[in-house]
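Below is a structure I'd like to ask you about.
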Amino acid sequence: MTDAAIDAAHGGHEEHHDVKPVRKTAMWVFLGSEFVFFGAMISTFLLYRNTTNGGPGSEIFDIPFTSASSFVLLMSSLTMVLAHNAFENKDMRQTRVWLVATAFLGATFLAGQIFEFTEFIHEGLTLPTSPFGSSFYMLTGFHGIHVAVGVMLLTAMAILSLSGRLYDDRGLNVELVGLYWHFVDIIWIVIFTVVYLLQV
Amino acid sequence: MTIETSEVEELGEAADAAVPDDHHEEDHLDHPTPKQYWLIALALGLITAVEIAVPSIDALDGPVGVSLLFILGGIKFGMVVALFMHLKFEKPLYKMLFLVGLAGAMAMFIVVLLTFQAI
Amino acid sequence: MTTTAADQQIIRSPGQRGVWAWITTVDHKRIGLLYAVTAAAFFFIGGLEALLVRTQLFGPDLEVLSAAAYNQLFTMHGLTMVFLVVMPIAAAFTNYFLPILIGARDVAFPRLNAFSYWLFLLAGLLIYSSFLLGGAPDGAWVGYAPLSTQLTEVVRMDFWSIGLQLLGVASIASSANFIATVFTMRAPGMTMLRMPVFAWMSLVVAFLLIFSLPSVAIGLFQLFLDRNYGALFYASAAGGDPLLWQHLFWIFGHPEVYVLVLPAMGIVSEVLPTFARKPLFGYPFVVFAGAAIGFVGFGVWSHHMFTSGMGPLAEAGFGVATMIIAVPTGVKIFNWIGTLWGGKIKFNTPMLFSVAFIAMFTIGGLSGVTHAVVPSDTQQHDTYYVVAHFHYVLFGGAIFGYVSGVYYWFPKWTGRMLNETLGKIHFWLALIGFNLTFGPMHILGLNGMPRRTYRYPDGLGWANWNAVATIGAYIILLAFLVFAWNIVRSHFLAKGERVGNDPWDGRTLEWTIASPPPVHNFDEVPVVHSLDDFWHQKYAEDEEGRAVRMPAVTGGALTVDKKTGGEGDDDGEHLDIHMPSPSYYPALSALGIATLGAGLIYLPWGFFAVGIGGAIMLWGLFGWSLEPVTKEH
Amino acid sequence: MAPLVLVLAACSGNGPQSALEPGGPIAKDIDGLWDLVFWLATAVMIFVTILYVWAIWRYRERAGDESEPKQAHGNTAIEVGGVVFSVVLLAIISVPTVRGLLDVRAIPEGPDVLQIQVTGHQWWWEFEYVDETAPDGRTLITANELHIPEDTRVNLTMTSADVIHSFWVPTINGKRDVVPGRSSNLTLIADDPTPPGEPIPGQCAEFCGLAHADMRIKLHVHTADSFAAWVEEQLAPSPLPAEGTAAAAGWDTFNAVCTTCHQVTLEDVEGEVVTYGPDRLITGGDVEFRSSFGPNLTHLFSRTTFGSGTFPLDVAHLTQWVDNPQALKPMDPDRNDLASGRVLGMPDLGLDPVEIAQVVALLETWK
């Protein structure tokens, strides 16, 4: 986004510096703040976990199905880190392969989520059913939006890599998108445990 | 969650380390190899399998199972953060930013839930 | 400014004129000025709203305003002053001076910076457009559910929730920007503990925002879903709990108070040493105290909820935590007094406002301690006593601090001084008007007058003090008209005295560069050797520790004489500085997001606007990420 | 500033709704705590002011003095001392704070406690004396004017029918929010009976929409005997008007229009007692509250005010009210939705002047 600002700080005639710290700092700051974002939704869910207003509750969860899609998302972290690794080794073909694989796994997870939502709606759980329904759909929905944004970024990068425009010093770079993607994954690790597995 | 007073000196150093002047190449130090990444993923998959099994084991009903799930989830969380996100190998500044967000959010929302007697 | 030579070298020409130059600017100084001008405009609107409110309350049972109009006006007054005045005026100072104070040429992400401004402006305009579209938000700035979710067919509170959401996005973006700037862009030698206090406070504020805004963002989404999609987060009949909103709001809302006041404290910490001609007493303690206020500030949100029924345990805990805040606040006050002690104090206008800041803030701080005493707070909560308290903190505190900053840095912005006589008239009118307005409110509150009431009956002993408060409010208006005239006279009528780089014999880096500064701030990035580096370039200390002026050094930016001023220290012969090029994509992206937000208010047919806004946003963001940062030759 | 605030505080008459004029033991405790904190804060203020004014005066720049000041950078001992000093001060106030908090929050128990259920509505108060029952099992329900005996512990159990309100009679106790879906408690103990017709004022303290300012409370404190008499009088039904009077014509209108929202308990000439009007239950947490859509009008004219303590109860005001309620009090009845329980005020009933006079004549009979 701003190599120029870095340049500016040091005068253009000085040697070109590693520009990553600026972007990476901002990315870690952003991820830190995302904890508050998801923390608010997770605690809302915990508060309303048993507030089903006569509608269905957590008994409608299909744990084997969600476990499978959780596994898919977990593995997408592997492909993401392999993409980053290939990029560090300047292997563009490998990078592209792993980026596409990550996007594909992410899309699979999203498809699973859409299927799950459809099932739940059939069983009578919707946003206006109960505070439980409201907080469930909001939490998993916002996570899904994060995944969707990630899939879009990964796809954009895969396309950019075709024309060799995948740079280290752009806002849209493999390492930053990777951080974001892993973050979305760790949030799902929490959601999977707290929402699905802890059915007290 | 801003910076705790006692951490300020440390923070200053961390920040100074982040100034682009210093030619830190630590980004590229000690990262796991692709093979290790596969092994980490395998471990994550196995832990997930155990997690899924926990609710169906009657002996693990109640607080034991709950704590086990939290521990297993925590291990997965930590592995992805430390190894896939490379935070283990990163500057203290990034660790601080990430952990302050995590710890702060947890502390605040646990207090919120406590005021509702929800946990 | 004689930057002609440099202009030819700098790719982004500072000579661009007209509206387009301002829309596409990515220069942190121009963006800072945009924030300042916008905040000033909103300040007069918000002030007008306050005057209408005060006029209605001049006597018992007056009928100047209807209840509906009153509720909209006090809601908009609060919203405006918090989100559209004090936050942006703090952002104005931070934008303009944070990079300069730490020796940088711009913020870390100049285009993101421009995006934050445009989104802030459009969100403000969106909220205000509600006046033309059936009525402004009327649920108080805190928007407590379920009052705020009650009338879903009336869109007023949707303007509030969407507007706040957009403002939150703008603030998060600029906070991440400032944090990255401070951690990665400091000049060589500018260690964290050599940063001016104002830079420190800006950093603390950025952290406060980044960790508090997401909480209210979730609350606002929940309210929005409740209002528009039948979600049941706050529907008590279905088991939803209205107190959840209060937690999510105040987890943000309390740190927000420090967001509003800490930058003002930073300004005061710059002004006092300059005019007392002494270093800030206990610099590390002042810095630590500011950080501690921010840190503890995250643990006290529920003291806004002492009457809501959280249970005695939580109330006791939050009460004691709230008292702890008084400790670092006290540290700051005593260090400011320590700074004055033994100094040689010049009472120029900036100093007068800073001195008044400390006095008024002390009163506000002490009345704050009385809120921590929970049983006592059950009497004071939601009364005019609270109104008095937070105006002492936010007006006598924050606003006085920012006004001090305006007088202090105006010569840096414009190259011209504000008039001292007018400044002193402004000061005394503001001080008297302020205390007349808000002093009596303590008594009104203790005597049982609740806030947010559009009328009150005679016979409760409130009439006289309300009349006094209203008269005070008009004196404040007078004071700020004088202020506005002072600015117009000095800058726009060009009658202000021209000054050089360093009119106040300052201590920090901004005084080493031209007034107004060149686009690239520093011809040569300074190397910093100590706190108050510039002062130490100018003064040594003798054996007794008294300051001794050194002969002017030659070379670089420091060939500045305070008497003549160093106009045009920019010899720029061999400057080859690449500043980022102007870009319209940030403004375009902001326009897209704001359009999208506006569409959400008028669902379902607003989906049209959502679609258009989304398309504009994507266009903006793609253009943004694909365009090179600097134009190729 | 501190002296100015003191002077202002000293020369102000406090008024009947002032927290500084406590009329009961709880408010007195709170006021005592306030006094402690106020004087401590004032002492700190005076100390700081003296230091500050002295520093400003002593170290101002004087004409002709060209010397530069000593460059003092700080003093750790002073910093530590200041921190310790302020921590000690705060410890001094935190102990009584916590103790006072526990006292204020304690819910009184025992057979001598008068139990009253309070329901907050936009924009009026409903009071049910759950232990005061008529022979036919009716409980005592009244609105806006609360009656309690002196020197008796009264436990209010409160919830809201719509948005958050806050019950506040400053001279008796601090405020307590009234939250929909939850029940909250507040203890009232009043020292002295109020003179007839001069109740203690209070009002809603949490912003609750359009007429928040007009959601007031009147608290009548009785001697034990007069309270018992009041209870007996209130539990008795009001009379159904005799045939042929203006009031009887008013009753036809009332029964057709007003009982949609208002409850009234009447006794006809045969001695049959009937309660007209809607009856609904509102849950606040674990407690159920009986409620209607508008104030219960049985014995309306035993009250001193109407419109939630806002207007004096006389024929002139009442006529105006029945004619056009929104002209007196800002409300939003067009958005009433009784099916979903949403009531935002009394609608304009569209009655002609004759009907209005008849209805008012009827109301006058319900003393």
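The letters A, B, C and D name the chains in turn, as written, and every chain counts its residues from 1.
Definition applied: contacts are C-beta pairs under 8 Å (C-beta built on N, C-alpha and C of every residue); 3 or more make two chains touch, one makes a residue touch a chain.
As the structure is a prediction and not an experimental result, all values here were calculated from the model.
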item: Shared interface partners, meaning chains that touch chain A and chain B; value: C
item: Interface with more contacting C-beta pairs, comparing C-D to B-C; value: C-D
item: Chain located farthest away, centre of chain C as origin (C-alpha); value: D
item: Length of the line joining the C-alpha centres of chain B and chain C, rounded to whole Å; value: 34
item: Inter-centroid spacing, chain D versus chain B (mean Cα positions, whole Å); value: 50
item: Chain A-chain C separation of Cα centroids, rounded to whole Å; value: 33
item: Residues of chain C whose C-beta touches two or more other chains; value: 179, 183-184, 211, 215, 239-241, 243-244, 251, 284
item: For chain B, residues that touch 2 or more chains besides their own; value: 18-21, 93, 97, 100-101, 104-105, 108, 112, 116
item: Touching two or more other chains - residues of chain A; value: 6, 9-10, 21-22, 25, 29, 32-34, 36, 39-40, 47
item: Graph class of chain-chain contacts, one of line, ring, star, complete, other; value: other
item: Listing of all chain pairs that touch each other, if any do; value: A-B, A-C, B-C, C-D
item: List of chain A residues in touch with chain B within their complex; value: 6, 9-10, 17-22, 24-25, 28-29, 31-36, 38-40, 42-43, 46-47, 63-64, 67, 70-71, 74-75, 77-78, 80-82, 85, 88, 178-179, 182-183, 185-186, 189-190, 192-194, 197-200
item: Residue ranges of chain C in contact with chain A within the complex; value: 104-112, 172, 175-177, 179-180, 183-185, 187, 210-215, 217-219, 221-222, 225-226, 229-233, 235, 238-241, 244, 248, 251, 520, 524-525, 576-581, 625, 629-630
item: Chain A to chain C touching residues, read off their complex; value: 1-13, 21-23, 25-26, 29-30, 32-34, 36-37, 39-41, 44, 47-48, 51-53, 127-131, 133-135, 138, 142, 170-172
item: Contact set on chain B toward chain C in their complex; value: 1-5, 8-9, 11-12, 15-16, 18-21, 93, 97, 100-101, 104-105, 108, 111-112, 114-117
item: Footprint of chain C on chain D - complex, ascending; value: 1-2, 4-5, 8-9, 12-20, 27, 29-30, 33-34, 37-38, 41, 44-45, 48-49, 51-52, 55-56, 59-61, 65, 67-75, 78-79, 82-83, 86-87, 90, 93-94, 96-98, 100-105, 162-164, 166, 168, 170, 173-177, 179-182, 184, 201-214, 310, 330, 335, 342
